[in-house]
Amino acid sequence: MMEGSPATSLITTGNESLPAELETRTAQRFRKVPGPGLWLPLLAGMLFLAMWELQLFHRLFDLKKYQLPLPSAIYEALRDNFSLLLSYTGYTLAEAVLGMLIGSASGFVVALAATAWPRWGGGSLTLVAALNAVPIVALAPIMNLWFGDGIGSRAAIVTATTMAAMAINACKGMSAVDPLALDLMHSYAAGKKEVFRYLRIQNSLPYVFTALKINTTASMIGAIVGEFFFSSRGLGYLLSNSIKVAKMPLGWSCIVLAAVAGVLFYLIVERLEKVFIRWHSSRRA
Amino acid sequence: MSLLTAGMPEIQLDNVEMRYRTEAADVLALHQVTLNIAKGEFVSLLGPSGCGKTTLLRLMADLLTPTGGNVTVAGKSAKEARLARKYGIVFQSPVLYDWRKVKHNITLPLEMMGVKKSVREEKALELLELVGLQGFADKYPWQLSGGMQQRVAIARALSMEPEILLMDEPFSALDEFTRERLNEELLSVWSKVRSTIVFVTHSIPESIFLSDRVFVLSPHPGRLSAVVDIPLPRPRTSGMRNSQQFYDLVSRIRGSFEGV
Amino acid sequence: MRGQHILLRSRALPLVVWVMGLLAVWEGASWLLLHAAKVPLAQSKLPYVHEVAATLWKYSGTLLKEGGATFGNAGVGFLLGAAAGAGLAVLMSLSRTVERLAFPYAVASQMIPILGLAPIIYGIVRDEQVSRIIISGYITFFPVSLNMLRGLRSVDLPAVELMHSYAAKPWAVYWKLRLPASLPGLFSGLKIAAPLAVTGAILVELMGAQHGIGVIMLRNLYYGPSHTYMFWSTVVVGASLGMASYGLMSLIERLVSPWQPEFRPKGGAK
């Protein structure tokens, strides 16, 4: 019903098992007592920063300091504008979280429909996947027209960019039930609703969290890129504005904070996953 | 009987020991195994799981290096024999490469050896006929059943015309009926290629039906506990499975496990 | 053959109905906004489908040319990024040190909003062509590299032992085993990255460039309501570029690695 059409496998393919693998691998790396797995990348990172600070890259690529600011300058900009940056980070994060929640929820509903009525619901899945192929930058002006230049416009952009991943993954999870478990349900004379309630939704949880993890990154990107063009607040706004007025260090400090916020957001969702999936498997056992 | 045919043994293990060192403990997987396998002989390594029979096969294949003793294959060290491509190996699973058609899976070792393409293809067709899969050359592995896939794996092992065929429980994942049929087919293939075969199994009837001799291994630590000659005449037929002689051999081998 | 045809029809029919239905609802909503609700800027918010289609047709030459420029630039960056990403994956699979150095950063890069770097890179390079290529390449680099590495590692032990039993040289193990086995991973990376590369290229165009679909998108947005159909046309073209890039990768995948499990017909022999 869905695997075959190219657009539907848009997000799922590959990315789906990726975060899980990354997670275990990084966990393995960092849980151990400081071995080469930890200090080697750290050392490399520090070396990179030092070379940057000593203007090696500037000489290599013939760059001026106003083009590529030094790490120390970025740090200063970060320190001097910390309270402003922090409030903007909160604003952007709020857009991202709000949009992701709405987008993931609607994606889940689409998945429910597509699983319950494969023949006709499947079409909605393809449409959602197609929506995902619309470049965010093209969505921004439209959402601006519809929702003004407040938080709603970015939340809408994020909603549009996070729906597909959830719809496709959740649908996969709801369809990938053990046929024997399905037979068991039929032996109980369970109706469509019961099959969903007792089997499919439970079964989709790991997939749902995979989608949520994909969506954390996507939502931060959506929020920031959305702010580039029609906004008066937020990290993306400050970033593009700082670049326009050649305040490079401030622009870079926005990126630093966006990265930190993105990683934190991801780690929180990952933490939630651990809690929920444990509940899930304990319920099943 | 087998000793008479033996000039120089094809495979010779001398006081072989295999020890795994883990953080928790030292595991002695094989203890002082000494055995000779003659050229052209069909032998089985039989035992329960954990007796080290697969380890023994891997030592012959130079996929493992022993921690003590000597392994001689075709008059060379195990490593030299591997580098000289003296043996073909068949694993428990077919290990076919998904992206190669059946015929190209069979020619894989020949590509490694730099054999000309036309010769390779011809050889593949010939081998497919030998294992009863003519007409499947251009299929992909997934289009074949498990038993057919394992036959492709055997054809692949035979493609380099090895002196020795090492088989690690090749039919254990198949159902009883398929397994018995493949046993007979394997014997008919062997009667044509006449290589030395070392066959790992945990099935007593399978080892009896196939082999000239059965090496019985016991666990903890893995060691050779008995060598049983199988005097059943060749060619072997499925009817022999029901003979008194067959039953006697089964109980004799089963008896050699008792007290372990 | 006939069975396949029926399958195709049964799959395509609901989709066609959905698309038609959506377009009809769109057209109706557009009429409502314009004539019933009398919302300001009604046509900018939700233009008539037939007007947008007419504009698409009328200016198809320009749109194709500018879309082609975007696609070309994104394509160059995409190819460079994919090549570099695949190279890094091979290096990481060969050397533990390289992996330890690069892997944590590759993972972290998946968690941060990479597209946010676009203005910064544009600020550094100040050249639309080059920065479009850099952004597209950069966006492509990490997904391709991580997915390809996953593919290279997906080889199971017996398959390697088989190679070992043939006394295969290291290059042969790569050429005959690891690289073919990594193709599914490589292509899932490419399919993730391709639409992103297009988005990246359009983003750079919006920040000030001379050519590309993003440039006329921005221009028509500034011209206001009178150019709204043209603006929506550029959005349609942008979306099509994203989908086309994905479709192209899927097509190449089918040609290069037709043996993949997901391409097998269902209900056949196993």
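First chain written, first letter: the chains are A, B and C, and each begins at residue 1.
We take it that a contact is a pair of C-beta atoms (placed from the backbone, for glycine too) under 8 Å apart; a residue touches a chain by one contact, two chains touch by 3 or more.
Since this is a predicted model, take the numbers as computed values, not measurements.
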{"item": "Touching both chain A and chain C (chains)", "value": "none"}
{"item": "Farthest-lying chain, centroid of Cα atoms versus that of chain A", "value": "B"}
{"item": "Approximate Å spacing (C-alpha centroids) for the pair chain A, chain C", "value": "17"}
{"item": "Mean-CA-position distance for chain B and chain A (Å)", "value": "51"}
{"item": "Chain centre separation in whole Å, for chain C relative to chain B (CA means)", "value": "49"}
{"item": "Touching residues on chain C, where the partner in the complex is chain B", "value": "158-159, 161-162, 164-168, 172, 176-177, 180-181, 183, 257, 259-261, 264, 268-270"}
{"item": "Complex contacts: residues of chain C adjacent to chain A", "value": "10-11, 14-15, 17-19, 22, 41, 44-45, 97, 100-105, 107-108, 110-120, 122-124, 126, 143, 146-147, 150, 184-185, 187-189, 191-192, 195, 198-199, 202-203, 206-207, 214, 217, 221, 231, 234-235, 238-239, 241-243, 246-247, 250, 262"}
{"item": "In the complex with chain C, residue positions of chain B that touch it", "value": "61, 63, 82-85, 87-89, 91, 93, 95, 97-100, 108-109, 111-113, 140, 142-145, 160"}
{"item": "List of chain A residues in touch with chain C within their complex", "value": "1, 3-7, 9-11, 13-15, 17-19, 21-22, 25-26, 29, 36-37, 40-41, 44-45, 63, 67-68, 119-120, 122-124, 126-127, 130, 132-138, 141-142, 145-146, 216-217, 220-221, 224-225, 228-229, 235-236, 239-240, 243, 246, 248, 251-252, 254-255, 258-259, 262-263, 266"}
